[in-house]
Amino acid sequence: MRPGLILKLSSPDQSGIVAKIASYVASHRGNLIEFNQFSDRVGKKFFARLEIDTSDLDVTVEDFKTGFGTLGRSLQATWHYRTLPYKMRTAVLVTKTDHCLNEILLRTELGELPIEITSLIGNRDNCAPIAERAGIPFHHIEMDDDLREKGFREIRNLLVDQNVELIVLARFMQILPDSFCQEFSGKIINIHHSFLPAFIGANPYRQAHERGVKLIGATCHYVTADLDAGPIIEQEVERVSHFHSPADLSRLGRHCERIALAKGIRYHVHDRTLIDGHRAIVFPD
Amino acid sequence: MRPGLILKLSSPDQSGIVAKIASYVASHRGNLIEFNQFSDRVGKKFFARLEIDTSDLDVTVEDFKTGFGTLGRSLQATWHYRTLPYKMRTAVLVTKTDHCLNEILLRTELGELPIEITSLIGNRDNCAPIAERAGIPFHHIEMDDDLREKGFREIRNLLVDQNVELIVLARFMQILPDSFCQEFSGKIINIHHSFLPAFIGANPYRQAHERGVKLIGATCHYVTADLDAGPIIEQEVERVSHFHSPADLSRLGRHCERIALAKGIRYHVHDRTLIDGHRAIVFPD
Amino acid sequence: MRPGLILKLSSPDQSGIVAKIASYVASHRGNLIEFNQFSDRVGKKFFARLEIDTSDLDVTVEDFKTGFGTLGRSLQATWHYRTLPYKMRTAVLVTKTDHCLNEILLRTELGELPIEITSLIGNRDNCAPIAERAGIPFHHIEMDDDLREKGFREIRNLLVDQNVELIVLARFMQILPDSFCQEFSGKIINIHHSFLPAFIGANPYRQAHERGVKLIGATCHYVTADLDAGPIIEQEVERVSHFHSPADLSRLGRHCERIALAKGIRYHVHDRTLIDGHRAIVFPD
Amino acid sequence: MRPGLILKLSSPDQSGIVAKIASYVASHRGNLIEFNQFSDRVGKKFFARLEIDTSDLDVTVEDFKTGFGTLGRSLQATWHYRTLPYKMRTAVLVTKTDHCLNEILLRTELGELPIEITSLIGNRDNCAPIAERAGIPFHHIEMDDDLREKGFREIRNLLVDQNVELIVLARFMQILPDSFCQEFSGKIINIHHSFLPAFIGANPYRQAHERGVKLIGATCHYVTADLDAGPIIEQEVERVSHFHSPADLSRLGRHCERIALAKGIRYHVHDRTLIDGHRAIVFPD
């Protein structure tokens, strides 16, 4: 990851907006490494992501960012800067299964995900050995029955203490309280083990088997208070047949889950996503 | 298509069934060109499709078929024979759009679909010129409002008169009466313009756009009285993005519809499908 | 297709280039419908495609285009304007098989390809009936043995007379002379029936069968004097298995060919491609 | 994995062969869990894989296997039995990169690959920590320059001592000696980082970038003395674009490599592959 800046921005769509933004960057000798934008004709909104090489800037990076404020406000924009290189402070929440967790660890080691896993949190302790092996603190938080509310308070406090920017639900089998979803809005990524919006709810692989579908899938999405209806970041499918048992579908689905979640996290941590109501704008790499 | 026989069979699963069936074929010097079978552990059923070269048979084809009855009954099987080569008598029902119809015509000309289109039936006359060009009788049957019931009676009579074995709904925008679905059960194939069971109902591409899905699809299925819940034969998906307007999704979906429908029809007319409750067992080629 | 302009541009990569181009458009109240650009770090080149809504321009479209010259020259750019809506004058060259031709006709009727087919040219007359049905002039040009050179002269004269902008080789089984490739450089699109660069040369489906590949494909590419090595526009693959005969591979390959060619033509006629040596930069929709 | 037997068989194609095999199984009350067969019309060969539940056999498993000999010889067949459950003794050979190795470990832990990794062998020591973490003996064998021949002798002796049934080249960057390929014929699986037969040889991702391909891939194949020409077991592709640098292609290719290798190994260790000259017959699950 090169030194530089990523600027994410959304605003009402308006004439000349690309010129204004690109001109600001050029006026300070910022060099555009990548510039993605999207003018939504239907919603009349503008979305952009700029990756800027700052090595030739004629001002400090801080002044560059501050100076953008005047333009940003005149565009009625919402924007976000990230200084490169960086590692996103990330918590991973799990229950029993570990295939998604292992995929995240593997991709992180391969240098594909610029994250620092500050903690692994489980309402079961099955994944504790993996955390130990990877040198990550593991927090076993009991959440059954009466302990659920207390458990979420503990998790919340952990995340706040550790200044976490991303919470990955890697097959975490607990429904989040609304207040939790709201406090960490736009920072929680889930992997749903079906091709949403089909098979909402429990045991989608059994549902898929009974229905005899010819493709199964997985959906990586932001979590909102509205269960399984958060903005979709990535989806994967795999072809299946009548001879696949529910266990086979589960195995093939696991594969989709690993891929969709890994891609979804990658897009998020590289600031390639912008949330727009029920949708996510994604500029993939 | 070689001369020969296709045998489709389903029965309760039981020990030695493959040996019994294959031995019967061998005992009369039938040559197995292809033999697909599936033992469903969950439902405890057995499904098979045999393609038999009959050129060396030591009995007539009729005697061969008759002789199978004793075995078939002892297996408590349901079975179906088809003599090759053949062309399946097919009616295509349309409304306005013609992309699925054209795909069927194109594949038929390419020799990929052994069908004879006995008639093209439309509740609009938009596709009449295509029928004329292809030399197929076109029946324009008004079905709006009060005419719906009468229209379906007319269609039903046409199909019965023409001894039709397959009814393809190629974007036919009318909901079939239950009695119609029952009379032609297992003979009606529909193309649904979404990745079922997601987006059941009207305007799935608009629904997909609003939901920001990353994959859209189409589903080819048998029609039952239960709307959009018939056994799935084939599904296709295409990757999409935020920049695709509802019109773009419609264009890309059209592509999925053409492919899924053409494959679904091919599997049906080659007797590669067996209906099992809400599922279809499909042995693709 | 909305009224407007498409600007395609390539130049040496340089600081501030996006700002300069976007500012020119904005300075005359052009509205950016779509803006794709790519800075090639390796080759140090810049490529862009702009789709501009011209309804609010403060100058005439001609003045807008002329005015761009000063900027374009200062950027050492090569550029190309197209006024919307338009239909690209296209010739289709065929031999015997017609599946690619039919796909082109079908997509054109569906409004997916803004082309006007000025003529269909065949070195066999197999496709003449299709031309007649579609109301397109058919030119049967004998090219066997001694007639090859004369044949290409006739084709060349036809294309020049008709002011053709695009030449589609829709399974045209003749190798083009170098001079022909050069004269129509960047205007000839071919569909190769394999996943290039594998299986260069004749009978790729037989080669694929002997090699037991698990995926077959088709490649749509620009034609250069270097056989099968022209810039690739689009590629499609289909999963295959040992039970697929060479004839089956041919059928499945036909499917890949139709899709890859249709997409490739679409990208070309919407000016979504820029040729860069052996590569094509493609901004898909 | 259920107790039982897998029978793999190939023979000249002949009338009644399915009946004979299935009848033998049924005659001893073997229960067919799965029966895949393929009659190759071109090569006039027959291939089959049977998975047999042996719990109701009326003879011992050993007698069942022995008894098959009379039939097998009369069919001029080659056959192979495997008793379930089992774990295939496997050696993994690596150099520096570990993504394929990690994928194998992950899938093994998930219960998707019934293998026992007897040793990890590296001509570099980069993967030693992974071996240690996983509790697998690591053998660092120097193979540079003059040490190559001696190195392969050491590896050969290790594999023989450990009675290894499968040798996985998980990005092992050494060309195997012919004698080695022959001694372990049909037991060596390699992952080639391109979509064979395209881009044979070194640095395929750079080749792919220069050629501007729109799809990249990976190929899992058996190793023969003929470099990169061994029977293909599985292939995977991923869509790419002009904006992907060679490093991006490498990252996306890594993904294809992991998937293709994991699937290829799975098919092999479940005896779902039969080698037929330059091809592999694969019955996937």
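Letters A, B, C and D mark the chains in the order given here, with residues in each chain numbered from 1 onward.
Keep this in mind: a contact is a pair of C-beta atoms (placed from the backbone, for glycine too) under 8 Å apart; a residue touches a chain by one contact, two chains touch by 3 or more.
The structure displayed is predicted, hence computed values, not measured ones.
Where the centre means the average of the CA atoms, what chain is farthest from subunit A?
For subunit A, the chain whose C-alpha mean is farthest off is B.
Between A-C and A-D, name the chain pair that shares the greater number of C-beta pairs in contact.
The comparison resolves to A-C.
Could you work out how far the Cα centre of subunit C sits from that of subunit D, in whole Å?
41
Calculate how many whole Å lie between the centre of subunit A and the centre of subunit D, each centre taken as the average of the chain's C-alpha atoms.
It comes to 36 Å between the two C-alpha centres.
Which positions in subunit A are in touch with at least two other chains?
Expected reply: 34, 41, 243.
If every chain is a node and each touching pair gets an edge, what shape is that graph: line, ring, star, complete or other?
Complete.
Within their complex, state which residues of subunit B touch subunit A.
38, 40-42, 47, 195-199, 209-215, 217, 231-235, 237, 241-243, 245-246, 276, 278-282
Could you pull out which subunit B residues touch subunit C in their complex?
Those residues of subunit B that touch subunit C are 34, 99, 102-103, 106, 109-110, 112, 133, 243-244, 248, 251, 254-255, 259, 285.
Residues of subunit D touching subunit B in their complex?
Touching subunit B: residues 15-16, 18-20, 22-23, 25-27, 29, 31-35, 37, 39, 41, 56, 239 of subunit D.
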